[in-house]
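So that you can tell them apart, the chains are marked A, B, C, D, E, F, G and H in the order they are listed, and the count of residues begins at 1 in each.
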Amino acid sequence: MKATINGQPSEFPDGLTVGALLERLGTPRAGVAVARNDRVVRRAEYDLHALADGDRIEIIKAVAGG
Amino acid sequence: MSDLLHVGRYEFSSRLIVGTGKYPSMEAMQAAHEASGAQMVTVAIRRIDLGNASGNTMLDYIDRSKLTILPNTAGCYNANEAVLTAHLARELLETDLIKLEVIGDAATLHPDVRETLDAAERLVRDGFTVLPYVGDDPIACKQLEDLGCAAVMPLAAPIGSGLGVCNPYSIRIIKERAGVPVIVDAGVGTASDAAIAMELGVDALLMNTGIAAARDPALMASAMKHAVLAGRQAYLAGRMEKRLYANASSPMRDLVGTGQVG
Amino acid sequence: MSDLLHVGRYEFSSRLIVGTGKYPSMEAMQAAHEASGAQMVTVAIRRIDLGNASGNTMLDYIDRSKLTILPNTAGCYNANEAVLTAHLARELLETDLIKLEVIGDAATLHPDVRETLDAAERLVRDGFTVLPYVGDDPIACKQLEDLGCAAVMPLAAPIGSGLGVCNPYSIRIIKERAGVPVIVDAGVGTASDAAIAMELGVDALLMNTGIAAARDPALMASAMKHAVLAGRQAYLAGRMEKRLYANASSPMRDLVGTGQVG
Amino acid sequence: MKATINGQPSEFPDGLTVGALLERLGTPRAGVAVARNDRVVRRAEYDLHALADGDRIEIIKAVAGG
Amino acid sequence: MSDLLHVGRYEFSSRLIVGTGKYPSMEAMQAAHEASGAQMVTVAIRRIDLGNASGNTMLDYIDRSKLTILPNTAGCYNANEAVLTAHLARELLETDLIKLEVIGDAATLHPDVRETLDAAERLVRDGFTVLPYVGDDPIACKQLEDLGCAAVMPLAAPIGSGLGVCNPYSIRIIKERAGVPVIVDAGVGTASDAAIAMELGVDALLMNTGIAAARDPALMASAMKHAVLAGRQAYLAGRMEKRLYANASSPMRDLVGTGQVG
Amino acid sequence: MSDLLHVGRYEFSSRLIVGTGKYPSMEAMQAAHEASGAQMVTVAIRRIDLGNASGNTMLDYIDRSKLTILPNTAGCYNANEAVLTAHLARELLETDLIKLEVIGDAATLHPDVRETLDAAERLVRDGFTVLPYVGDDPIACKQLEDLGCAAVMPLAAPIGSGLGVCNPYSIRIIKERAGVPVIVDAGVGTASDAAIAMELGVDALLMNTGIAAARDPALMASAMKHAVLAGRQAYLAGRMEKRLYANASSPMRDLVGTGQVG
Amino acid sequence: MKATINGQPSEFPDGLTVGALLERLGTPRAGVAVARNDRVVRRAEYDLHALADGDRIEIIKAVAGG
Amino acid sequence: MKATINGQPSEFPDGLTVGALLERLGTPRAGVAVARNDRVVRRAEYDLHALADGDRIEIIKAVAGG
């Protein structure tokens, strides 16, 4: 299954959830937020739905800014 | 003297909001935050580095028990990007506060009025407490207020320029006509700039580079704390009238006499 | 941070010197003195009223355990009057401090350079610690320093005008070339004026009308205290460079993406 | 004996000292200073010398000023 | 020196555009137009008075053999009103020139960016040579240029305020980034304001009240003519560098000597 | 309009006095003199070079049938040097005009008030028409007038600095109180500086570096000619009042209507 | 027939043209322009079409302005 | 005979006048003025008096200045 993560095309096993994706990346859930196809995925739903082929995923964090 | 700043349902005793960008180190930032007395700090929202997805984030350097976080949409060029960024920020930080920033180009970082108004309307509808960064444009400020923004944040000068209040007339007009807090955002370069802005009657200041790019950020942060207080108190105290000619502080009568024939 | 002001053999932690003139009441003056944090206050010297010779004097309203008194020669038009006034002040107040003020006319209250230099020379010879009020004239300031004055006190604007620092260039040149403390005297109208003066690097400020003629003198005195501190700290902290164009506080990379094309 | 006090011509008994003059005026010594013919009279000398005819006496105090 | 102003397909040797409003009399206006050397004058479009429909109109006081008429859409609050007014002006005056003015409120007369952009897009499509009045907003100016406007006309200060160039930085940025002529419109109060604006490099000035409300409009018109020329020539001549310290105009060597021991 | 400048028994239609120093070439100087419309030019007095005593002098490049020469005492540090230099200038140039300049140091080229007053008194006694260079010090200016100087020439900024009128308040006070012409000398850097000075009401300007150090001296000289005229006419025309808020140039009634429900 | 002229409701005989309207008002054609229901009426067409009931007519001129 | 010309000590034959001095220097009289011991020597007197031993002579011209 193909998806784009932060603009990078990537290959994933079918049925991968957002939660599993973050685990693969080694990203603590607390420090990030996730959008799927321009819609935010609530934390509570990270493990509910699997990604679909062609999904655009954004994973963001807080950084220095003014 | 109790003189509180109210923004939406939030209340602050400090009228200085500071950024987290451009500091020489995280330690320097934390020292400056401490010295500034600020109760709200801004952060930006960016993609994580997939190659190093486990690293620290800015949140590890902010004591949220003392500091309210104000996420921004810096870097967004249109309403769609800004709205998505705001929603991600809300999910990440569990706050409805958002500094809305939709710029027109990278050289001026000047806001795009149309996109800012569009994004503001959508974010207010989505329940955000919206603090939009805007030019010193009294009409755009009024329109943002009418859309339901909790404050308006006109610039004093281009972001990071340190030019101070380039146009005190427009800031004064904006404040006189505003029904929500006016927070001057961007352009403050040194303490007197902050005092001048506050003396115009604005409710608060947001600054980043003026502190972070000083030779001694923590000392400049303290300077800014005092300057904001000084400007605020001077505004409330009601300054003397200006006059072209002199007016003696000491009486001009009962002067000491000498034998010399005057 | 220990950052003391030295004038002759005197030392102060406050860099704000305030007057005693033009207050709505003695109580208002005392509240303003308290709020200003000043450690030195000026007084004028005048003939007693023979018809009411037993009345109070200004000294009854100044706590000399906290405040150093700086008598002035305000109202003198020539060196002889100023020298006699200074000697009377020394006898009355048992202090060698004197604010030397020799004016040229009543409309501008601008100093008379020749008479001021003459009086300064004589008072230094007589053992006074002389603080001369002078125009923003770098040559006159240098000559007064060479005569042995303990500080020079150029004006920011005409006495009582509240115009602020009319000529920051000349004040900066005077400070850069001075070997004694530079104390900006006269013209400060509001807090930002004080911050601007201190950011030029001067050592202290002397003000009277800016505080006394404010709607709320005590609050303005507090504003001035903070402004002097703000300006001093900003000067020491080293301000950011000014630039015409913007410079982002938030990174311009790793921006959040949307599905929208371009 | 004639003297000028703070610019006002006045008549006094001979032998009047500065101290006695201040007493006549009801002026507490602490709050004033005195000059005689453009020279300061030290406090310690208030009672030593008598005023002379034609003396110009200045009696001053501290007042509000900037 | 041939130094022509090109706006769309029009060419002018004068860089001063003047209004027809607020003059004490038509004669005073004509004398001022003559003295200003202007080649383009603005007029407004209004309903005729049905009760006196045969009266003179402004056109009876403008010699169109010498002066190009620039009709404006002053008083319009939205794009629809502005577009209709522009079409009426074109029919009346047989010109495709239009000064587009869409304001946000009557107190500031500040432009409404969204409505101005909307109207500009429609008028360009309809074949007008569009000169939009706009705030000193570099993004709005760029967007108007991209829509096909023949020039952009940022304000120096609020219409009729006479405050001069309140923000030289923003005007300079707008000029540096513009691909069409920048004509500073509104806010010029006296001759030096005009010179300052032209020294920033802008291509022309449009003014009305600065001339019409002077005590002697014709003399002020002449002053403005000279000021625009002065500022333009100074801009082209390339001014000297500023420096804080002095730099002698006369040599400091080979000085005349005296017997006095220096 | 006949609006002549009278200095002592001399009369000029131009209010611009220019120098002869720092030009890239004698040809450039002559072109600038021509373009400036000036009727008086300054020269300095220096020892001849004994090794090349037959060379040209500045007089070979000045058409005295068109230009009045104003010799200066630039470089003199005391009254004796200035008085001797003035007498030598009078013998050389057969003129009683002298620009008196007695400086305090080489870094600021600021006048020494005491020496300037001393020299002025002696030169007036010796029958000179004395035009003293002085700081923007209203008392020194008045004293020079009282000594019999034909004009006073306060500086706008340090010689050669190009900073413009650093303190318009002091220049205005000097002019309001002067009974002789006030000629602003030194500090003008570009055309708007000249217009600003003339708008303060001063009678004339003397400049050198502002023209000579421009990239194109002749074009800048023309700019200065127009700027002086612009400032003078604006002063005489009586500028409009400034106001913070807008004031429409076009009527706000009888607006064109559209079908749209407003 | 009813029409609104410059915002004022007015009564007119049927078949009145723009040209005739201007004549009734005594307005020289050269100095004005006319819009009918938000559309400009070209000068050349003043005498062609009659006004219709309910028309909104705007008649404008040039005035002093900046 | 010794004299100082523009600060330079120089040796001259006795009886040298200002006029003769200028001639020796090749300086046209029109373009200069002369002071002797801080007093101007009028042009008309160039040939009248001889310089004296120890004289301080200043010879000046007009140069570029502001």
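We adopt the following convention: a contact is a pair of C-beta atoms (placed from the backbone, for glycine too) under 8 Å apart; a residue touches a chain by one contact, two chains touch by 3 or more.
Bear in mind the structure is a predicted one, so any value in this text is a computation, not a measurement.
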(message) By the touch criterion stated at the start, how many steps lie between chain D and chain F on the shortest route?
(response) 2
(request) List the centre-to-centre spacing of chain E and chain H in whole Å, with centres computed as mean CA coordinates. (result) 62
(message) Roughly how far is chain E from chain G, centre to centre by C-alpha average, rounded to an integer in Å?
(response) 33
(request) Could you give the separation in Å between the centres of chain C and chain H, each centre being the mean of its C-alpha atoms? (result) 54
(request) Give the residues of chain D that touch two or more other chains, as numbers and ranges in rising order. (result) 6-7, 35, 38, 58, 60, 63-66
(request) Spell out, as numbers or ranges, the residues of chain E touching 2 or more other chains. (result) 19, 21-22, 44-47, 72, 74, 80, 84-85, 88, 107-108, 110, 158-161, 163, 169, 173, 208-209, 212, 244-245, 248-251, 254, 256-258
(request) Would you mind giving me the full set of chain pairs in touch? (result) A-B, A-C, B-C, B-D, B-E, B-F, C-D, C-E, C-F, E-F, E-G, E-H, F-G, F-H
(request) Provide the residue numbers of chain F that touch chain H in the complex, in ascending order. (result) 19-23, 29, 42-48, 50, 53-54, 57-59, 69, 71-72, 74, 80, 84-85, 87-93, 159-160, 186, 206-209, 212
(request) Would you tell me which residues of chain F are touching chain C in their complex? (result) 103-105, 107-108, 110-114, 117, 135-140, 142-143, 157-158, 161, 163, 166-167, 169-170, 173, 177
(request) Could you pull out which chain F residues touch chain E in their complex? (result) 1, 19, 21-22, 44-47, 49, 72, 74-78, 80-81, 84-85, 88, 106-110, 158-163, 189-192, 194-196, 199, 208-210, 212-217, 219-220, 222-227, 229-234, 236-258, 260, 262
(request) Write out the stretch or stretches of chain G touching chain F in their complex. (result) 6-7, 35, 37-38, 56, 58, 60, 63-66
(message) Under the stated contact criterion, what part of chain B meets chain D in this complex?
(response) 248-251, 254, 256-259
